[in-house]
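The next part holds the structures, each set out as structure tokens.
You will see two complexes here that share chain A, one where it goes with chain B and one where it goes with chain C.
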Partner chain A sequence: MTAGARMFSGVLLVVLILVLAFLLLPIVNVVAVSFTPSAIFDLPRSELSLRWYRQLWRLDSFWESFFNSLKIALLATICATTMGILCAIAIVRKRFPGHAAVELLITAPLMLPGLVIGIALLHALRSIQIYDALTGLLIAHVVITIPFVMRSVIGSLGQFDFVLLDAAQSLGMRPDMAVVKVLIPNIAPGVLSGALFAFITSFDNYSVSIFLTDPRVKTLPIQMLNYLDEAPDPSLAAISTVLIGMTVAILYVCDRMIGIRSLASE
Partner chain B sequence: MARGPGSLTALLALPAGGYMLLAFAVPLAMLCAASFQGPSGFGFENYLRYLADPYYRSIVTNSLAIGLGTTLSTLAIAYPAAFAIAARPAWQQTAILAIVFVPLTVGTIVKSFGWAIALRRNGIVNNMLVGLGIVDAPVQMLFNVWSLAIGMTNIFLPFMLLPIYSVVRGIDARLYETAESLGAGALFRFTHVALPLTLPGILAGASLVFSLSTAAYVIPLLLGGDRFVTVPMLIANGFLNTNNRALGATMAVILLATTTLVLMLFNRAARRSRFAR
Partner chain C sequence: MASAFLPYLRVDKAVVKFGATTILDGVDFSAGKGEFVSILGPSGCGKTTLLRLIAGFVRGEGGGVTLDGRDLTALAAYRRNIGIVFQNYALFPHLSVADNVAFGLRARKMPKAEVASAVDDCLELVRLADFADRPIQSLSGGQQQRVALARALAIKPSLLLFDEPFSALDRKLRESMQIELRTILRRLSITAIFVTHDQEEALIMSDRIAVMNGGVIEQFASPATLYDRPTTDFVLGFVGLSTRLAGRVIASDATGSVVATAAGEVRVPLGYLRGTEVVVGVRPERIGVGPVADEAFNAIVARLSDIVFCGARTQCHFETASDDRLLIDVDRERAAGLRIGSEATLNWKISDTLVFPYVHAVA
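Now for the complex of A and B:
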């Protein structure tokens, strides 16, 4: 390697380290601040404290919104995964006219601002006299999570050879058993990682939810915006750290399932 | 045969397709219709009124400027970074991708909040600047154009980095060597080998970042203060506070039309640049 090339690769390495540090700074900062013993957002200096996590334990509005988010995210993920798997199979088989249009319709929410989806649904629900916040949130979160499941399942179905189903049947397996024993195990990793992404997308969503919550029913991100507005204290950093932990755990499972590289190529 | 395997498979698309039609396509169509519903009937009245008003026009310009600025700043960082990642050994690349995926998956509110406390007078960024001797005393960094730019760049960087990285990874390194052995200088190798080959990635990243950052709501709210009113804030206000639905619907359709147009133009350009190879 020439001296010039060595210097160039050295510069690239410095760039890389700086960029990664920049990407992680807000997250690392939040986690560090959540362990502060002080009442303002200072980094802990001499000692770490769980004061703000204990505070969280006593915060009723936090738990209420946490369970709202959990309930909505679970239900939305179940609905989206069921419908998404079925539709992904139909689209991969391409045996009907207009399959491209259906695929576009179902993946479109990925490309649209969440805000627009939120107000469109608010407008539509009010015009048919639906005022219940949980119903509206659930309907909306299924819309925004279906694309994640679809994308991931279409990806793993693309690698599945449907001839295997015929082969299983010609060897004497019942058609339904062939699906259970051959198709499902093959697409399970894709389904699981799609479902986990759907879950975290729903759990973190604010752009759609902000229009569909009401003063009594709030999701966790909307409650966080409220805290930020009214009385910000380091318990917000503790909530954020819990969310970050959840995200990292889900990413870890997805990586085990289908690998970080195929996540990146999606 | 009416119930052949083909038509049965098509039925599987029915639940999701029907659901998205009712819960997504129809509401969007209703919203568009509402934007054309003015005080004196159906027409372009709302559009003419709001786009003629200098205040609303300045807000649209604000949003477009934020989108364009974020696209350029993420591109400036992501482009060299993508080459830097691709230059590492394979196992390191996987680890780096994992690091990029964490901020991509962590929610926007958490990251904006992270920046809001990092950029405080007594926050980690000011501490570092003072510690390194770059500034003498903590500077005001929050609620101005800098905090907004830092937050937007940080949050949308992965959307630029991943598409560019995925094309950079696919470039055969021997192309550079061949160009060099044929006498091409470093600049020529960049403009005639690297740039055309990475253009599809740049366009894909740029269209994503532009449409996402133009529609960003929480980041300007938490980091820009109230000096930067953006279209999403206006939309949210129209529906949540002032109950001016005509304004909200009209601005939403303008936002939707702008981002869709940009996405389509960039995708077409990306396809062309791929065919031109």
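Now for the complex of A and C:
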């Protein structure tokens, strides 16, 4: 290795460390703050404390909005996954005119600003007489999460040979069972990573949800921002740490099931 | 020969259209019990569609499919009990070798112990008993092919369909698979329909061959009949090698006709109306080199343009003054006496001359 090349790789290493620090330090910081004994949103100085976790336990409004978000995210993920798979199959099979336009339309929420979708959906839902906040949020979250599932399933279907469904039928399997026993296992990585993204997107969404919540029904991100206005204490760091832990746990389970690499490659 | 069979499988006047395109245009097809029938044709001739019609993946507009006296026309593919070996094997990549073979048996809810022993038997049959627990991806092309065969055989199919199963294999492997397949099918006396575009493969393997072109069956006969007595110009050109000359009938009598081709006059053993446009054909091994003073022979003078050594035989390419090409098989000693560029008289028996009305190519 020449001196120049050695220096170049040294510089690369420094840049890499800086980028990683930039990305990860804020997260590490939040986790650290959550263990502070003081009432100020700051790093623990002398000792660690679970004070803000105990405080979290008493904040009913957090738990209510947490379960709202969880409920919406789970239902939205189930709906978006089912519909996303079906859309992906229809689009990959190209059996109907305008399939490219349909794909573009379903993908559109990915490219539009959340605020625009939020306003549009608020108006649309009111005009079809939907006033219930949970229903509205669920519909909105399905709309914004379908593209994630559809795109990752389309990716998986690109590797899938539809002749396998014929093969299953020739072996005596009903067409619907063939989809369950042959198609689904083969696109499972795409489905799982799509569903995961859908869940996280829904759970995390602020910009669309802000238009559809009401004073009684709030999602967790909105509740957290409200709380920040009222009482910016380290309990926010505590709940953030809980969320980070949840995410790591989900990723770990998915990694065990299908491997993190196939998640990332979708 | 065909009339001796009570057709086990019968397809009646099958018509299949995709939109405005007619894929099958009134196809009659049959196979006797235990018979090995090939469907041979160029790509786009409708042979795969005919196979998919029999399998139940394609619905025809007219005609029906009967198998062993049972009308299958309205029966869904999964209830037909027809095994298929697909072109790219279509093995389930998420399952092991044994699970692939067991797939059809589990779909039939066969008890576990029976499944296990049936899978063992089938893998034994295709000599893959040691590979049962392997993932599909770890097998070679030929091994995957045998798994596909074992999987199709496991369900004890009433009929076995093959969709160009050997097209992805290299030549050596293909030839050994052809023989192995024939042996297995004979032993189990299974009726098989084999789609291929490879005429050599069809000739080697089949009891009978249906030659398809443009959505119709041009000729349906034994390999020997197809080769010796093709009924259409297309069959002559598609099955085996041949020399073909286009011409017009200038005279006709009780023993045959005289056809004027650009390369010279040729006598053919069939009577035609004067002025009919025809195609005259000869198989390369029927043509001799050298002048023959015999009324029963045709003769044409041509120049040797190339000699191709093909192992057991040697091909000589001749060109006439009119730029028509003639293909001849000679033995090696004979070829050694020929020089490229030299002229020779080519002769063949009038009775070996094949002749067909000229069919204008449909664009």
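The criterion applied here is as follows: the second predicted complex is superposed on the first by the 247 of 266 C-alpha atoms of A that agree within 3 Å, B and C clash if a C-alpha of one lies under 4 Å from a C-alpha of the other, contacts with A are read in each partner's own complex, and residues count from 1 in each chain.
One rule holds in what follows: contacts are C-beta pairs under 8 Å (C-beta built on N, C-alpha and C of every residue); 3 or more make two chains touch, one makes a residue touch a chain.
Keep in mind it's a predicted model, so treat the numbers as computed, not measured.
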- In the three-chain superposition, say which chain, chain B or chain C, touches more residues of chain A. B
- Item | Touching partner for A:187 - first (chain B), second (chain C), both, neither | neither
- Task: In the overlay, answer first, second, both or neither for which of chain B and chain C A:139 touches.
- Result: first
- Task: Tell me which partner A:172 touches in the superposition: chain B (first), chain C (second), both or neither.
- Result: second
- Note on the structure: Interface residues of chain A shared by chain B and chain C, listed none
- Can you list the residues on chain C that touch chain A in the complex? 55-57, 76-84, 86, 88, 90-94, 103-104, 107-108, 151-152, 155, 161
- Task: Spell out the residues on chain A that touch chain B in their complex, using ranges where they run on.
- Result: 9, 12-13, 15-16, 19-20, 22-27, 29-30, 32-33, 40-43, 82-84, 86-87, 89-91, 93, 95-96, 99, 102, 105-106, 108-109, 111-117, 119-124, 127, 139-140, 142-143, 146, 150, 200, 203-204, 206-207, 210-211, 221, 224-225, 228, 236-237, 240, 243-244, 247-248, 250-251, 255, 260-261, 263-265
- State the interface residues of chain B toward chain A in the complex, per the touch definition above. 5-7, 9-13, 15-17, 19-21, 23-28, 30-31, 34, 77, 80-81, 83-85, 87-88, 94, 96-103, 105-118, 120, 122-124, 127, 154, 157-158, 161-162, 165-166, 211-212, 214-215, 217-218, 222, 232, 235-236, 239-240, 245, 248-249, 252, 255-256, 259-260, 263
- Message: Show me the residue ranges of chain A that touch chain C in the complex, using the header's touch definition.
- Response: 161, 163-164, 166-175, 177-178, 182, 185-186
